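Look for subunit A in each of the two complexes below; its partner is subunit B in the first and subunit C in the second.
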Partner chain A sequence: MIDIKKTYKNYVDGKYVRSESGKTYTKELKNEFYELPLTSKKDIRDAVTSSKNGYKKWSSTTPYLRMQILYRLSEMIEGNKESYVELLMDHGFTKQKANKDIDESIKNIVWFAGLADKWEQLAGNLNPVSEEYFNISHQNPIGVVFSLSGSNVSLNELLMSILPSLTVGCSVISYSEENSVMALKFAEDINNSDFPSGSLNILSGKFENILDDVSKHVEINLVALHKELDNEGLKTIEQNASESVKRVFSQPSTEGFSSILPYLETKTVWHPKGT
Partner chain B sequence: MIDWQYSESIESPDIVSIKKKYTNYIGGKFVEPKSKKYINTISPSTEELLSKVPLSNEKDINSAVKSAKEGFEVWSKLTPNQRSRYLFKIARLIQERSREFAVLESLDGGKPIKESRDFDLPQVAANFFYFAGWADKLDLSWATKSLKPYGVVGQIIPWNFPLLMLAWKIAPALATGNTVVLKPAETTPLTALLFAEICEQAGLPPGVVNIVTGDGSTGSLIVNHRDINKIAFTGSTQVGKLIQKSLAGRDVGLTLELGGKAANIVYEDAAIDQAVEGVVNGIFFNQGHVCCAGSRLLLQESIHDEFIKKLEKRMQSLRVGNPLDKNTDIGAINSKEQLDKITGLVNEGVEDGGELFQTECELPGNGFWFRPTLFTNVQPSYSIAREEIFGPVLTTLTFRTPEEAVEIANNTEYGLSAGVWTEKGSKILWTADRLEAGVVWANTFNKFDPSSPFGGYKESGFGREGGRHGLLSYLKASS
Partner chain C sequence: MGNIKTSDLSIQWSNVLEMVYESRIDSVGLNERVNSLATRSIKKDSKLEALNMIVSMCDLTTLEGEDTEGKISQMVAKAIKPNPLDSSVPSVAAVCVYPSLVGTAKEKVQNSDVKVAAVSSYFPSGQVPMESKLLDTKYAIESGADEIDIVINRKAFLEGDYRRVYDEIVALKEVCQDVHLKTILEVGDLKTYENIRKASLISLAAGSDFIKTSTGKLSIGSSRQACYVMLKSVLDFESMTGVKAGIKVAGGIRDAKDAIRYLVMINEEMGSDWLNPELFRFGASSLLDDVLKQIKKLKTGAYQAGYYFPRG
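Up next, the complex of A and B:
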């Protein structure tokens, strides 16, 4: 009998796609050997186009529905827990550590699911201006977010690089290098859930290949780096970003309420009161 | 028919005594610049020399930053209540010397006394009062675990609202426990230097507020100083991008409040006379030297002709002239350089094919002046419809449907502010939701309050000033 090995592809616009370059890079685990898409500049451009449309759909989904879609994701991961644990163990995790990573993941998805219809109440408020005006500050999601995931293999860390921005209605391009087998496996659960196409695109490859294009792309509104880059790389990204006043966050907090703050734009609306 | 004679009503400049030469304010002392160099500051309404202020060099900035660092050691050890009381005291002192500041602001910057007296100064005091009360309530402000000040903040401010921009910068920075090195604009340094006297009067610990004057090179020295923990800049998008670039790869916080090209959308069901007033206030307030000015008038096609007729009539009643005349609506353009920029863009607009209307009025012989100007018959591609003019120049575009209005309004790299005029509530909310702008004024324009956050989307910058949200610009949320 010959084993049939699964081929992982990028997940863009709700579809599994190979890199248009046809290139791959390899990842050898304890038991398995994977060839993963080596994302090209063109793939990034396609992902941004998809994310722009995905943003329109996802940000206009009601908070109530966003909450349920996120919660459903936790149900699916719970259902597929065994396969995640297996993959982590293939990366060298003990069974106990692997279980812990998945349990943490589920816990965090549930936390963010419940935040989807509450963060506006925590982040916005009426402003007591000293004239006869109704004045309210509320938030919009910032738009298309590129998120570079960390170098550890972990479903939980991958999720923490995605959930804060996704929860508030941003569309996310999640990019993994070391954690890519996990990320592309996770894409299957995203595909089976109710996220609109383009709201979350998941790609793998070498970040250095696309660093320049990502930081220069004017339709990416924010770059979140959850991985420590060398100073030269960070400097290049931030210099490129300045050309369109793009927001760049290096290792932003993923903890609690402060995790969502980078992804919000505050809009203040005034209206006179009178008869 | 009665022949009405105009009689002016001049605010006396005697209330303020302008020194021949000013010094920097560093470490609680008024100190001569180590550069030994000075720049002139003139009155833009007469071109007369008002005074000389330091052109600070690297040594001056080093000593200002060093002093702010030492000041931080003292300031951060005070109780929040003590910090709060210093800010309350500053607010009170500003109220007491308000007329003096207002006259100086109008002399040095060219804005009408009506505005500096009734808008700028009351808002300056209000900002210090507002943030005074936050200083001892930071733990209640946001549901995040730990909020800490940055330390030494470099603040670079523009010439359009010199003292108000100082208040927007210094009040929240101090309330959150930071210390500052502030550089006022090259053409309007005097009220900031007078503010240094207030700091002294209030007994503020040395080094908490440091004020250094100079030009763009001085600003750049602050941005590039290795001991600066955060930069807060208000000014052009062009300079903002340069600052963002300079800070690349450095662990320095940044907030930017940059340019704008706001759409002021008037629907056919608006209260037209109110909308005309709002549109005039939106663009001609402060000579149009306002980053959030409603510089693109978006008219629904069906009301275009009627609206333009009323608007031209209203514009004709605007009084241009001496900033110290209490009747003046439009004062002097801030500098020769800015006047040249406005003139250049308006000429370009005419060459492109825009239809020009300018009010008939007599302009003073000396100083920098520009007539209230309206363009109609403009295509969205014209530079007068795309670039920030920062002067009393309004550009008109038309639309047919609300969807089209929103599309035109958002079709710009800027996203600072926008206006909506309609009597229909649901249309206001629908439009406001779709506008990519940090401030949306509905059936009003150019309203400000210290409790109301201000700041932009997209290339208009990031971070907010004012309100609870403004605190986050000066606090690091650490886990």
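Up next, the complex of A and C:
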């Protein structure tokens, strides 16, 4: 039996692609070396172009359909559970811990799937006014989100860096360094769940290579950092981001309903009451 | 340069016919040459210069049934000041509109250097009697057009009636007089490189000031290969008559990178004389937006979003 090793590739615009630079970095798993795409600045630009189109498609999908697609993702992961567990064990997890991570992941996807057509009732509001009109706060997804995943190997942590923004209709560029094998494997299930191309792009590499371009790129609307960065890095990002009024969240909450709030923009409308 | 009079050209129909029948093109060699020219790398300073040059060579175009006076005013404002926040970005060369909107465009460009070009001779198909084409062109000129873009009679061309194609252009050139005449070959309809060369030579001999690749109404627009065939025809025509004609590429050129490749090709094959809005133009609607984005990217280091630039 020949042992066939998998080539992990970035997932951009619904396609599996190598970095256009041809560069890779190496990750060791169970005494085997895997080469992962070392994302270049050009790859990021391509991903943003894709995410911008993906945002149009994903945000205009009905909440009901978004819910079904997210639920389908949980079905896909359930079906491939063993291979996820195995991958976590290759990373040094015990079987029990690996199982727990995947079970938590599935549970969280189902929870967010359920939220997909409900968050607007919860986050929106009919504001109290003393005149004869309605004043309504209505929430829109913020747009293209760049999410840097954490440094732990975990499917659940990866998901918690993606699901809150994806659920409300943002398109997401998920970027992983330490957790990249898991992220690129996860892309296969995204591909099988009927997400429109560009709604979720998954890339791997070293964040310092693209930090400047990401924080300056005008078409990225929000940067979520789920990893602790040094003060200098954070300061550079915030300064660059301010040029295009990009929002930056360092380690935003991933707990329940509050996790989606950073990815919403409030639009207030008023409407006269019929007399 | 400009304002060629057919009668002044020391070229007879028999010379044209001879050249037309001698047209043979090695397409493998041509593709190779064109592709090798596309691999040149452009350094940052030259890039900025190239991008500004592209802006100054743009014919900002809108040719839709939905065009209104309001839309034309907006486009002309953008043509005069493509980036209102950066005065170092030059005006475009011209705005290109349908004859019925020439008057509006002319009124709006007023004191600027921006010219008004009109498509005529029943653009884009040209499938009407000659009288109508003449009338269409006269109307555009009387409305104040500085430049006229006509289409060749592809029906006659594909039927092999080259004389008719030639005669029509000559007749339209007579109507144009001093008004700059650009002749659209519609390379997508011509199918072969030989046909593009034949049509180029016929149009040039008939007195066109410019030859232009496409109407922009077909899915096959301009290609660098087609442009290469045309530029070789223009050079051959120059060596025969001493007349420098211009080239306009249009249709499907959407990004700055592609446009720069055209400039490289023009510079390498024709020389820097042709790197001039008098002799080389881009027909553009979305190209200009990308060029403006790239200019700002070079200056600020940040990739830009379209919504920070004027619409038009």
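In this text, the second predicted complex is superposed on the first by the 269 of 275 C-alpha atoms of A that agree within 3 Å, B and C clash if a C-alpha of one lies under 4 Å from a C-alpha of the other, contacts with A are read in each partner's own complex, and residues count from 1 in each chain.
One rule holds for everything that comes next: contacts are C-beta pairs under 8 Å (C-beta built on N, C-alpha and C of every residue); 3 or more make two chains touch, one makes a residue touch a chain.
Everything numeric here is computed off the predicted structure, so don't read it as measured data.
Asker: I'd like to know which partner A:Asn135 touches here: subunit B for first, subunit C for second, both or neither.
Answerer: First partner only.
Asker: So in the superposed three-chain picture, is A:Asn231 touching just subunit B, just subunit C, both, or none of them (first/second/both/neither)?
Answerer: It touches subunit B, and subunit C stays clear.
Asker: Any idea whether subunit B or subunit C touches more of subunit A?
Answerer: B
Asker: Look at A:Asn192 in the shared chain and tell me whether it touches subunit B only, subunit C only, both, or neither; answer first, second, both or neither.
Answerer: A:Asn192 contacts neither subunit B nor subunit C.
Asker: Does subunit B (first) or subunit C (second) touch A:Thr62, or do both, or does neither?
Answerer: So A:Thr62 meets neither subunit B nor subunit C here.
Asker: Is A:Ser253 touching the first partner subunit B, the second partner subunit C, both, or neither of them?
Answerer: After superposing on A, A:Ser253 lies in contact with subunit B but is clear of subunit C.
Asker: Given the touch rule stated above, what does A:Thr7 touch, subunit B (first), subunit C (second), both, or neither?
Answerer: neither
Asker: Using the superposition on chain A described above, determine whether A:Ser242 touches subunit B (first), subunit C (second), both, or neither.
Answerer: first
Asker: Answer with first, second, both or neither: which of subunit B and subunit C does A:Lys267 touch in the superposed model?
Answerer: first
Asker: Considering only the contact definition stated at the top, list the common interface residues of subunit A for subunit B and subunit C.
Answerer: 243-244
Asker: Enumerate the contact residues on subunit B facing subunit A in the complex.
Answerer: 126, 142-145, 237, 240-242, 244-245, 247-249, 256, 258, 413, 428, 432, 435-444, 447, 449, 451-455, 457-462, 464, 467-469, 472, 477-479
Asker: Would you mind writing out the residues of subunit C in touch with subunit A in their complex?
Answerer: The touching residues are 300-305, 308.
Asker: Show me the residue ranges of subunit A that touch subunit C in the complex, using the header's touch definition.
Answerer: 45, 48, 212-213, 216-219, 240, 243-244
Asker: Can you list the residues on subunit A that touch subunit B in the complex?
Answerer: For this pair, the touching residues of subunit A are 122, 125, 127-131, 133, 135, 137, 140, 231-232, 234-239, 241-245, 247, 253-258, 261, 265-272.
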